[in-house]
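Below is one structure, written out as structure tokens; the observations come after it.
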Amino acid sequence: MVLSVTEKSYLRDSLKNKDHFLRPDGRNYDQFRPVEIYTDFLPSSNGSSRILASDGTEIVISIKTEVVDHSLTKDLVSIDLDITGYRDDSAYVTSIRSILSKTMKSKLNFTKEKGPKEKSVLQLTKKYSFKLYIDILVLSNYSYPLSLISFAIYSALETTKLPMLISSEDDLEIEELPIFHDYDMITLDFQSPLIFLVAFIEDNVFIDPSDAETQVANKCLILTWFENKISSPIRTVSLNDDYTDGFTLLHLKESIEVVRKCAPEVLRALKYQ
Amino acid sequence: MNTQEKQNTITTNQPISFPPEVLARIAPDISLQRHLQLGLRPCLRKFEEFREYRTTDGELSNKNNPCVLGSNISRLGEMFVITTITGGIIEENMPVTEIDTVKDEIPDFEENTKGEVGFASVYPIVQVERGRVGAPTDEEMIVSQKLCESILNSQLITNNSLSINSIGIRNAETQEIVYDSQKEQNERKLLNNRKWSYVLYSKQQVFSRNSPIFELCLNSLVLALKTVKLPRAYIDERAIDLKIPIRTRGRSANIRESYDLNFDINERVPLTLNIANIGFASNFGVIKVENSNEDPILLADLESEAEESSILSRISIISTPTNKGSATTNFKSIYMAASGDNVPMHLLKRALEISCERTNDLYKKLSK
Amino acid sequence: MLDSSRYPEKVLPGDLISPLYDIDNNNEKIVYSFHPGPGTTITKYKINSQEHKVLIATLKGFVHFEELVKTNIDSEGKESEKKEENDTENKNKLADELEAPEVNSDRIIKKYTVIVSKEKKNEMMQDPNLQEGQQDEVNNDFANNLPKEGDIVLCKVTRISAQKANVEILVVENNNCLKDSGVGTNGAGVSSVTGGSGAVTFFISQASSDLGETFKGVIRSQDVRATERDSVKITECFKPGDIVRCKVLSLGDGNNYYLTTAKNYLGVVFAKSLGGAGELMYAIDWKTMIAPTSQVLEQRKCAKPF
Amino acid sequence: MNVQDRRRLLGPPNARPVAFSKVLEEPTEISNVSSNDKALPYMKMGLLTNCNGSSYIESGDDNLMLITSVYGPKPIRGSFTSKAVLTVHLENSIATANNSDGSTDDGKNFNTSDDYKDLSFFLKNIFDSVVQLDKYPKSGIDIFVKVVNTDSANTSNIPKLLQMCCNGILLGLVDANMEISDLVGIGIISHECCVSFIKNGLEMCGFWKMKDEDEQDIEEIVGKCKENYLENKYLISSYLNGD
């Protein structure tokens, strides 16, 4: 909903004051809106999730996999994003898609073990890997959905079932296609990154801004939580054209603090179900 | 209202007048006529004077952009165009017959007997920088098409010069690429006598457009073609035996050729052009000066909005330079549209003469 | 007199020019108050958690101080009124801020508008508010010359109907010509309706000027002339293709500026007879134009040619 | 998406672009980094005549050439807006092998149009905070940045690209005499991180970090970027003053 000039100035006044900081829904600066998540409900995909936010945002994610020769295929993740009400080539959609695919690509290449056993999470054998197709459908969209999408991807990946390999892992010498177990599945050993959105208004910093709040925020900062620490991408986005003041180092530090505080709790909540 | 009255008394005696810039904008045709009546053009050139042509060759085709096979930046007055040429390959649909093998073995035979060789063109995309995004404008489409046809009709590039006659073989172990014609003859058999040839694409970006662009684009394209170096193709030794057609994933159901031709980044062969057919283009406009009973006048190298929008009779000529060998000039293309004032014979002749001079001038300058 | 050597002469965008208020070096009683004009803006700097408001430059160029009010407080009222007639927007906004210091009785407040422009001091001080006279110099400082209320603009008529004439604004008179419109940027002058920019249509009543995108305006029939406004017939006043001199009434809606020709010196300045096919015509009275050789008479609402 | 483009001459449909297998990473790259600081960029304003402001920038070390053009303020359609709408289009105009606007390139590290759009969006956000948009009602300001040439090896150096784009746009805006509140600039520390500053480094207006590197304190990052920004700003302002 687009706010009028008066509404914006009222809202901004209530958000900019350090001492009488008041969000329209009464939340704390570090408090999330409640979300509902359902997982594993699409029978034909390897993993799926559906997330419902309290403002009515609804996102459905489906994850499918394919076995590919990783010397031929460069990208092991393919992200398809569709946001209702936006054109596929609009800046809004392309920017979110670009951030997501870069994040997922860089994180999935992440290797836990160094040395000769080093391999990416998706690697199956020496020659073949899984390729993930992540289809994201934002059915209704009332606030910047990046953060919620990352939560949904997290939950979907948690429940993603991949077929278990029974043939040899070393297939470089012998020409052999991977063979899988008939019914045993394994889960992917990967914790997907969580992306958080922090908004700045004057000196205040608060997490998970709602649509109305983003309309009056100066800048929003995207922060990522991965492997129990702050990780990149870290970058700013402006979600409105009206307020464009700068920010200071203090803002950055405070937002990192907020995410440090919130992220483990969010992670626990997502794991719980 | 005091000031108002004061203004009135001051200005009552002088007619309304506009600064030249404003007049050129609101009434380009009037502005042009006023200039011509003074014996001037709005751009302050003489009637038959061209703008200076400056050019840089091949600067953008370097190691860092291996895909750019040839390039040229040409500048005409303030307007400039950046031309880059890229390539592709296409498998020639040649039936594997005995005639082909005979031809291959006696290459001279083919050219001598056939006499007529096919000619190829480039596939140009012209973009005029104008602060817009989206579909190409009519002008861009028309100029692209004209460029394509002009190159084809000028018989600059023969099909032969684009075909891939020898394919190197990369040794699996040493990664060295060998271009051995002897050995290659044998390999050719292994390759089932399939043939490939290059396809050339060009991308031309026009900046500071202030005049018709076709002539500049053509000249730049020709100059860029002169710099083209085609990378040699090679094939992996191991891959020769492999004959699995790969079906590309997704919507296209084409069967990719089983031979994965690679291109050698270091080994390049210059594209052979029919030097005699290199031609340069120039344009002219014909307009009648109002309030004078004289014939229309000829303007060379139209520039500025005023000339472009009011001069509708145009001549565009592509001519080849006078070489040392042949004293005569060949005209490759003459295009005339007298949609404004009529073009008298002597002006057309004059235009042809000037275009020859211009071409010779450009040729001399550029071959230095 | 303001000692302008205390402030920077040549600035780049973002450079500090002056605080909002300053005290004269010699005379404590004189307070200078500075207001942002073209090329300057007010910004806040936070130093040691204290906010300071300062004037900064937003253009590259030279700083000029223009005194708003010549005398002291007594005659201030009249003077500023007169000024405000010409230049409305900025000063109204500032009026509130001005109230406070004015109460201090024994201090003399001098108000200056701070302007940054490309030209050096002496070159630019010509009256910008000329309404009828012509300036020979064309001010090419384009960006700050969007059409605004009261400006005289030259337009081309693109389409007419019974109620109004639609026009494209070509230039703000005596100001810049936008470099980025015109045949040069939008491809060849003639293009077809399909595809591409397709700016040109084939309807005679919609003769577009091949000019790329221009600001659009509308002259409503009641704004054509000052008298007998109800009986105006647009077809007897304008034809598509005419060049009309108008005054901007208001910024209008999202699509159009509202323009008027209800003054003697406003109206058609260039027109061709026979719907653009004929020759250039000259005004013989305020509503008739004549083609000199063919003697064709046509009706227009002409601008006074002198 | 799948509709064939009939407006451009695309050549035979079954042609395959001349593509080179990956160029061996040349070991010269290390020396490149060290010379980064020394080679000064070449800057020029007012290159193009059919836009209101333009600039050309050639970075000294990696052959990055950018042409920036600023169009507008020009009218926008639709409802009344009291301030201008700013758009930034970043384009790679290097001919890609398949010759169709670089939109369908396969597999290159950084070339997809999505990524360019994302960068454009980021640059727009930066310039939203400096261009005095409310001075231009009912209009749009369009900024086009064309990457004319670059070391393909260095296209992955996004911060450098962003820095140069930022400089280019800035010069373009100054050339167009557009009102901007500050000489905004971008400071970079590595190949993956950059920060944009205003007000001499007192405030930031953009932060970009897309890849993890060694652990670095945020304060350190900002500090180093600020140094780089000030150097860069010095270059720009001395160019503008010397003009």
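Should a chain be cited, it is by its letter among A, B, C and D, assigned in written order, with residues numbered from 1 in that chain.
In this text, contacts are C-beta pairs under 8 Å (C-beta built on N, C-alpha and C of every residue); 3 or more make two chains touch, one makes a residue touch a chain.
Treat the numbers as computed from the prediction; the structure is a model and nothing was measured.
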Central chain of the complex, centres being mean CA coordinates: D
A-D or B-D, whichever has more C-beta pairs in contact: B-D
Whole-Å separation of chain centres (CA-atom averages), chain B against chain D: 29
Between chain D and chain C, distance of the C-alpha-averaged centres to the nearest whole Å: 33
Where chain A and chain B are represented by their mean Cα positions, the distance between them in whole Å: 48
Residues of chain B whose C-beta touches two or more other chains: 130-131, 135-136, 141, 209-210
Shared interface positions of chain D, touching two or more other chains: 7, 49-51, 71-72, 74, 198-199, 202
Chain C: positions in contact with at least two other chains: 180, 182, 184-185, 195
All touching chain pairs, where touch follows the definition stated at the start: A-D, B-C, B-D, C-D
Residues on chain C engaged by chain D in the complex (per definition of touch): 10, 12-14, 39, 41, 43, 45-46, 56, 58-60, 118, 141-144, 146, 178-182, 184-185, 195, 213-216, 251-255
Chain C - residues contacting chain B, complex: 129-138, 154, 156, 170-171, 173-174, 177, 180, 182-189, 191-192, 195-198, 210, 212, 243, 269-270, 280, 303-306
Chain C-facing residues of chain B, complex: 3-4, 7-8, 10-19, 21-22, 24-27, 30, 128, 130-132, 135-141, 209-210, 212, 304-305, 308-309
Touching residues (chain side chain D, partner chain B) in the complex: 2, 7-12, 14-21, 23, 47-51, 63, 67, 69, 71-72, 74, 89, 93-99, 142, 144, 146, 148-153
Sites on chain B touched by chain D in the complex: 60, 62, 64-69, 78-79, 82, 84-91, 123-125, 127, 129-131, 133, 135-136, 141, 144-145, 148, 198-199, 201-203, 205, 207-210, 231, 251, 254, 256, 262-263, 265
